[in-house]
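Mind looking over this structure? Questions follow.
Per-chain numbering from 1; labels A, B, C and D assigned in written order.
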């Protein structure tokens, strides 16, 4: 990870950027995470993806690859700083390293938004059917916001960038929903807009599509994504059982001074 | 794969056709795919199957084998051209290579239909209970067509043989349903008829039975099969939640020139 | 498997009966099957079990072992002929080989019933919650018989001992339900009674408990058990969706002479 | 396990307490159990945890670790006797061995309660969504007790500490529910209170949070936790199907003297 890229070219050079014996190197971690996500039903049929940022280097899973079969050599690498100084048009995007036969992910500008606007270290995109069902249930009520409270798993989310600690049990987790667009890259402006309106959110749902989840580290992005999927599943099952997502519950106060 | 078969016999010769150290050789790939499908609940109790075509050679999983335990030596091989020049009666089918103790799959003529009528490179047959439930829900409304639209996963399907690109988010995915027959081989004419009536379809549902899915390559057949199963599951869950499969949703138009 | 047991003792001798390098030896196969069944949710919390008969030798999983952790050395072995000539009282049962610290399975007399009354080669007992839910749904209608027809997976069952071939698509699969007893061994007489009344059945459901499934071979017992669990799951989901288990569907007749 | 800790310090010494080649050593067993629990959906997003007691030594999974990735070196060790003689305030808790960069689990005082009040050898905490759904269904009826009877899997539970044998098929399994608190450690007094009121219970549900399950051994804690999760799932599905958790069923009496 200490070797700087020798040239800003997309000509198959810089393969060393995806070669490492460290299982935690982004080029190894993205495939192992994607294989895990495949077993969870998050990246079925090549849907979904993941990206890791390491300082200025951004590693991205390619488009159209069976996620449980991905290899380190399939990974794209680009410079975050270079993206910001260039036109954002995806056709002109410059990669430090690109696999010879694959196509870049349409999620690329959305992952970059999490890195530039939030300083995230990792961003995960799933097509989890629990996420999709939640957006459909909200659509039926004309809502563009998922809200749920009084569940322990809510503690799995940070309070927001720059804020200390995590949400509490009684807090309301709020995830904005944006409408899906015909082309995935066109989601970018709406995702960025939602990030502006919900400065503390670590995720954005995409109607009839899935969810984008990020975090300061791979650990945080992955565990927040798991916690969110757990809550989406619970929310769908609660709806089937006629149970409300938002409740008013008085705190239970301990009587001991030091418990 | 370059060694031509020496004789069109079914006497246990030509074992070299199923012997390779390449994990992507059809004789190795069919068992590994079937083991994966078993964990997905697609080929429970020896149901379902898969076939791969490599130019003129067709590799087929046998009948009655536990799909998660299949071995390369269990695979049948036949010449596609030879099938077309011969009587189609399955009893008279000639195999280039056959396993000594197994029976050929009753799916054989259905797989061949995908290869001859569509030029497919791979065909997968699952008994996924999501597929079966979709056919039952459609039956309750007297319908022989699964239609769903405005879901991102629909992009996982090609527009049709010879057409460029994939379906879009707002497009309607249409999968015909044929009625099941007492003998699986008798499905062939109905499958072929459905292929004629739905020239762009990559799959045909079989009422109370399952689904046949194909693609130009193993990759495309497998990822289309995954995407379809995802949509079947979603459709059943949408029905349980009172949500419609077909909706009228206005496109969300981006405001930026280059997003 | 050709070495005859040297003495009908339960004193830790005859360990050779469970020592083999063949993965298909019953003492190896029972643990690998049970580990697989654990992942399917069939033998949760030490519930359920399996037994294989090889001529006169019967191999049985012990009681109270975590099914995904079972070892060949945990397996009991007894002589089927010796059981029949002895008192059936379980306290007096003589084992050819017994593990030093475990307890025999309460399922033992039920497995033996499948071997003696049906000549089965393998019997599987699961606590699958799909099986339990089916018995509960039937109980609500005062029924002691699971009946379902017109589903392809029904073909996964033989027509009955001594009968050629399997059930057809339009046939009705009938599985008797017996009431649960406080002590599992007390189920034996009711299981045997059900076997007498349903001579073609390869399985008996136990109300609020699970299912016993057998077959002439391990392969048949295992694949029939999978097919049955698939149908139980489908039946529960059909009930949730308001779909009937028994329907009257006219056969679809092919028009081609040889398809 | 026979080496006594040399000093009651939390300074990174005593690493030998978590180093063993025995897969059943608590420092190895906690990670392998937690990895298994992750696949069951019990410890999603770093939620949940597990602790094993070996005489006076207590081994505890740390806070905030991805449960499927835990390593023996992540395990905390403390002396149970030392805890009881010290202030219970968690900030002052003394560890025999602590990992250099992790935080102790907030579950620690709850695990200790199972060890001190019940003499348990293992305690498991899951966030299983089945457990959470059961507490939500009970909440809708103002209930703080899960009761279910006449199910075979109930036999998976002991009758209570110091009592011989397990619950029977017709017995009612009773699991108390305590209200969740903002801080997990504050649950301790309510958990202990529930233990006092339900002296035979091996588990306590926590509203909108999950469940704590313990047992005299790792085997018993783990299999009771599995049996309980099975029953929670069944209970939710029974509710969806309109089936009652408590029923009045007359015992089925065998007619044979020795079955």
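By definition in this document, a contact is a pair of C-beta atoms (placed from the backbone, for glycine too) under 8 Å apart; a residue touches a chain by one contact, two chains touch by 3 or more.
Note that the structure is a prediction, hence the values are computed from the model and not measured.
The minimum number of touch steps separating chain B from chain D is 2. In terms of the distance between Cα centroids, chain A is separated most widely from C.
Judged by shared residue numbers over all numbers used at their interface, chain C and chain D contact each other through mostly different positions, with under half in common. Rotation angle relating chain A to chain D: 90°, from a CA superposition, given to the nearest 5.
Centroids of chain B and chain C (each the mean of its C-alpha atoms) stand 32 Å apart.
Contact of a single residue of chain A with at least two other chains is seen at positions 240. The touch graph of the protein chains shown is a ring with every node of degree two.
Annotation, chain-chain contacts: A-B, A-D, B-C, C-D (touch as defined at the top). Residue ranges of chain A in contact with chain B, taken from their complex: 41, 44-47, 66, 87-89, 109, 127, 129, 132-133, 136-137, 140, 179-182, 185-186, 188-190, 206, 208-210, 236, 239-240. Put simply, chain A touches chain D in their complex at residues 150-153, 156, 168-170, 219, 222-224, 226-227, 229-230, 233-234, 237-238, 240-243, 249, 251-256, 258-259.
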